[in-house]
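Following this line, the structures themselves.
Presented sequentially are two complexes of chain A, the first with chain B as partner and the second with chain C.
== the complex of A and B ==
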C-alpha cells in the first residue's frame, strides 16, 4: 500500500456534556432533552505515520489522546476532519478496519471476564477468522515472549493487571494487524512487567514492521521504544518530531556534575554568570546547569579547571518529563 | 457464522456456573405458579362447572400460568440492560472494535443464554407444574415441535425489543425512566400478566397488533391449540422480520452518533 499507514487531517471531536437532572421528572425529561454544553476534546489534530513507525503520542490527562485513538479506530465519529487508516476511512468501514488493527486500552480488556485466557483467545480466532496454522504460530510467539503459560487456563477475572495486559497484547496480535494502537498499555504495572512489555513491543516492531501508535504516561516507555513523538495539549498538536530534537528545542537545562578532588570552596560561585548556574554545591561535588545552546560541556570543564582538579564528570540529560512539562508551561507553548 | 455459534455456546455454558441462582429462580417461578394457579382455580370454582373464560377453561388457564412462569427466564421479559451497562462502563469500546455485527454479537449470546435458561429453569419449572397440576398438553407431535420452535422465535422478538431499549442509552445516560415503562408494556402486552383475550376489547385489539404477544401469548396459544401452527409461527416470523429491521435501523442511527464514555 502506498502512502502513510495512519493519516489524521484536522480531526476535531466535540462532546455534548449533559446537565444532570434530579428526580423522577428529571429522568423523564432526559428521555427527550438533548441540550447541554459542548466541550472540545480534540480541536485540531493532523499527523501522518508511515508503515513500521513506532510513534509515542503523549500529553497531559484529558489532552485528547484516547479520543484521537477512538476516532482512528472508527468507534468515534469525528465532528470534523478526516482520517485514513490502512487505506480505510474509519467512520465508514469500522468492521473492515477492525480486521487490520489491534487495539489495547490499558484500562479495559477485550478478553472475556468469565472465560479462561486460552478460551478468550480461541474465541478471538473465530472472530477474526485466523487460519489455524497462523493462530498457532502467533499464539506460540506470544506465549514465549510474553510468558503466558502460567495463566493460560485461568479465568481472565482472576488475572493480575500485568498478566491481563500481556493477555490483551497477545489478543490484539492474533490476526496479524498492520497497526497496533496502544492506549496506556503499561498503566499500573510494576517495573518487571513494564520491561517485559517494552521488550516484546520492540521485538515485534523489529520483526513484523507493525505500525505502532503508543500513548503512555510513563515516558520511559517512549524513550525506549519511540524515535518520534507527537505531543498533544488541550486537543492540539504542540510537537511532532524526533524525541532528541525535542530536547534541543524545548531545552530544559543540561546538568553536569563535577567531582573535584577537594572542596573548591565558595570561590566556585564565580562560575555562575558564564551562562551557567550552580544548582548544588556539596563538598567536592558541584552540580552545574546550563543551556545547551549557549554553553558546551568542554567549556564548562575549562572554566571549572580554574577552581581545582576535576576528578570525574557526569552529564545528565534533562529528564524528558521536565522537557515536556516545560513545553506545556513554557513561553513556547501555544496557550496562555 | 462460526463465531456466532461459538459466542452462543459460551453464553450457554456460562449459565452452568450459577447453579444456586438457577435453583432460586426455579423456586420463585414455582411459588408464583402455585399462587396464581390457586387464585384462578378458586375463581373458576366459583363459576358453575365447565365454564371457560374467553376461550380458557380452568385447566387451560393453569397451563397458561405454568408456561408463562417457565418462559420468564428464557424470554427474559424483565429488565435486561447488559448493553447499557457496557455503555456506562465503556466496555462497549472493545465490543465495537470487533469485526462483527453488533446486533449479531448480542443476539447470538442471548440465544445461547436463552437455551441455557430454557433447560435449567424453564423445563424444571414446567415439570413441577406438571407434577402438581392437571395440565393440558399439545395433542400432536407437530404441535410439540411447533411449540419448541416458537420459543427461540419468542426470544428473538424479545431480544430485538430489549436491544432497542438498550440502544436508547446512546442518547440517554439514565435508563431508569425507559426501564419502568418498558417493563410495564412488555409485562402487560405480551400476555404475561393476563391472557390477552381477557382484556377489554379495545385493549385486546391493540395488544393483538403489537409485537409483544409473540413473546408469551403466541407460544401459549400454539401449545393450547388456540392458534393454528402456521398462523402462530407465521405471525412470529412476521414480527421477527419487522423487529430485526427496526433494530438494525436504530443501530445504524445510534452508530452514526456513537458517543462512548471516556477512557
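== the complex of A and C ==
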C-alpha cells in the first residue's frame, strides 16, 4: 500500500460534560436536556505513521492519548478532522478497518471473561474469518513466543494480569493485522512479564513489519521499543520526532560514572567548571554530569585522567522521564 | 464486506461456543428452563381464575384469549432468548466494555446479541406453546391452508417486534447511562398488553399500541384473522395482514436509531 499507514489530520474530539441528575426522572431529563459544558479531549492532532514504524504516543494523564487511539480505531467518531488508517476512514469503514487492526487495551481485556483462552481464540477465528491453516500457524507462534500453554484452558477471569496480557496479545494478532494499537500494554506487570512482552513486540515488528502505535506511562517501554515518539499535551501534539533528538533538544544531562583505582580526593572538584558538574563523589567512584552539546565523553575522560587512573567508565543517558518532565516545565511550554 | 447471512452464521457459531460451556452443567441448564416454565405457568392460572369469575373478556371466550396469550408469549420468549445480550448494553457502555465491540469486523448489533447467551427463556416459550395447545382445543377454528401458513408468520413477526423493542431500550443507553426503569414499559408492558384483546383498552392505549409500538398488528389483528372474528374497532380487514409490513418499518426506524447511538457513543475515560 502506498502512503502512510496511519494518518491523522487535525483530529478533534469534543465531549459535552453534563450535569448528573438523580432519579428516574433525572435520567429521562438527561435524555432531552442538551445543556452542559463542552470540553475538547483532543484539540488538534495531526501526524503520519509509515508501515513498519513503532511509535510511542505519550503524554500526561488526560492529554488525549486514548481518545486519539479510539478515533483511529473507529470506536469514537471525531468531532472534526479526518483520519485514514490502512487506507480506510475509520468512521465510514469500521468493519473493514477492524479486519486490519489489532488492539490491546492494558486496562481491559478483549477476551471473554467466562471462556477459556482457547475458546476465546476460537471465537475470534470465526469473527475474523481466519483460515484454519493460518490460525494454526499464528496460534502456534503465539503459544511458543508468549508461552500460553499453561493456561490455554483456564477461564480468562482466573488468569493473572501477565497471563491475560499475553492472551490479549495473541488474540490481537490472530488475524495478521497490519496495525497494532497498544494502550498501556505493560501496566501493572512485574519486570519479568514486562521484559517478555517487550521482547515479543520487538521481534514481531522486526519479522512482520507490523505498524505499532503504543501509549504507555512506562517510559522504559518507549526507550526499548520506539525510535520515534509523539508527545501530546492538552489535546495537542507538542513533539513529534526521534527519541534521541528529543533528548538533545530538551537537555537532560548525560551522566558518566568514573571508577578510579583509588579515591582521587578533593582535588577532583577542580573538574567542575569545565562545563562539568560533580554530582556525586564516593570514594573511588565519581559521577559527573555534563551537557552533551558542549562537552563529549572523551574530553571528560581526558580531564579525569589528570586525577588518577580511570579503571572503568559507564555512561548513563538522561532518563526519558526527566527529558519529558523538562519539556513540560521548560520555558517553551505553556504550562504555568 | 460480509453479507448479513455470513454475519448471522458467525453469530450462531459464537452462540454455539458460548452455549457449549453452559451445557457442560446439564442439571443447572435444565433447572433454569424448568423454573422459567413454572414461573410463567402462573400467568395461565391467573387467566383461568379471571374466567372463573367472568364468562368472557370483551366478548372473547377463554380459548380465544388463551390463543392471544399463546402467540404473544411464544413470540416474546423467543425474542427474549435471541435478544438477551441487549440487556447488558447499559452496563457494557457504563464500564467501557462496548469499546471492544467496535474494534471487531462484525455488526455491532449482532455482536451485542451474542454477548450473552442464555436459553432460560425457552421455559417461557414452552409455556407459550402449551397455552397455544389448550387454546386450539378450547376454540373451534376453521382452519384453511392460508391460516396454517400464516401462523409461523405471526410468530416470526412478533419475535421481530420484540427484538426491535429490546433494541430500542438498549439504544437509549447511548445517551444516558442511568438505568431507566420506565422504558421497560415498552418491552414487558408491551408483552403483557399483547396478551389481551386490544378492544378492551382505552382509545389512547389502543392507538399507542397500534401506531407507536405496533404490537396490535403482530398479535391482536392476526388473531382476529385466525379466529375468524369481527373487528369491534371497525378497521379495514387489511389490518389483519399488515403486521409484517408495519414491523419491517418499525425495525428500520430502530436500526437507524442504533446507528445514531453508535455515532454518539462516548466510551469512558482511559
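General remarks:
The rule is short, and it goes like this: the second predicted complex is superposed on the first by the 322 of 336 C-alpha atoms of A that agree within 3 Å, B and C clash if a C-alpha of one lies under 4 Å from a C-alpha of the other, contacts with A are read in each partner's own complex, and residues count from 1 in each chain.
One rule holds in what follows: contacts are C-beta pairs under 8 Å (C-beta built on N, C-alpha and C of every residue); 3 or more make two chains touch, one makes a residue touch a chain.
Small disclaimer: the values here were computed from a predicted structure and weren't measured.
Of the two partner chains, neither chain B nor chain C is touched by A:288.
Legend: residue contacts after superposition of the two complexes on their common chain; A:268 is shown touching neither chain B nor chain C.
Looking at the shared chain after the overlay, A:110 reaches both chain B and chain C.
Of the two partner chains placed by superposition, chain B and chain C are both touched by A:94.
Note: residues 15, 24, 27-28, 30-31, 66-67, 70, 73, 75-77, 94-96, 98-99, 101, 103, 105, 107-108, 110, 112, 114-115, 119, 122-123, 126-129 of chain A belong to the chain B contact set and to the chain C contact set alike, using the contact criterion stated above.
Chain B contributes residues 2-3, 6-7, 10, 14, 17, 90-91, 93-94, 96-101, 171-174, 176-178, 256-260, 262-263 to its touches with chain A in the complex.
By the touch criterion stated above, chain A contacts chain B in their complex at residues 15-16, 18, 24, 27-28, 30-31, 34, 41, 66-67, 70, 73, 75-77, 94-96, 98-99, 101, 103, 105, 107-110, 112, 114-115, 119, 122-123, 126-129. Per the touch definition, chain C reaches chain A in the complex via residues 1-2, 10, 13-14, 17-18, 20-21, 96-97, 99-100, 102-107, 172, 175-176, 178-182, 263, 265-267, 269-270.
Residues 15, 21, 24, 26-28, 30-31, 62, 66-67, 70, 73-77, 91, 94-96, 98-99, 101, 103, 105, 107-108, 110, 112, 114-115, 119, 122-123, 126-129 of chain A are the ones touching chain C in the complex.
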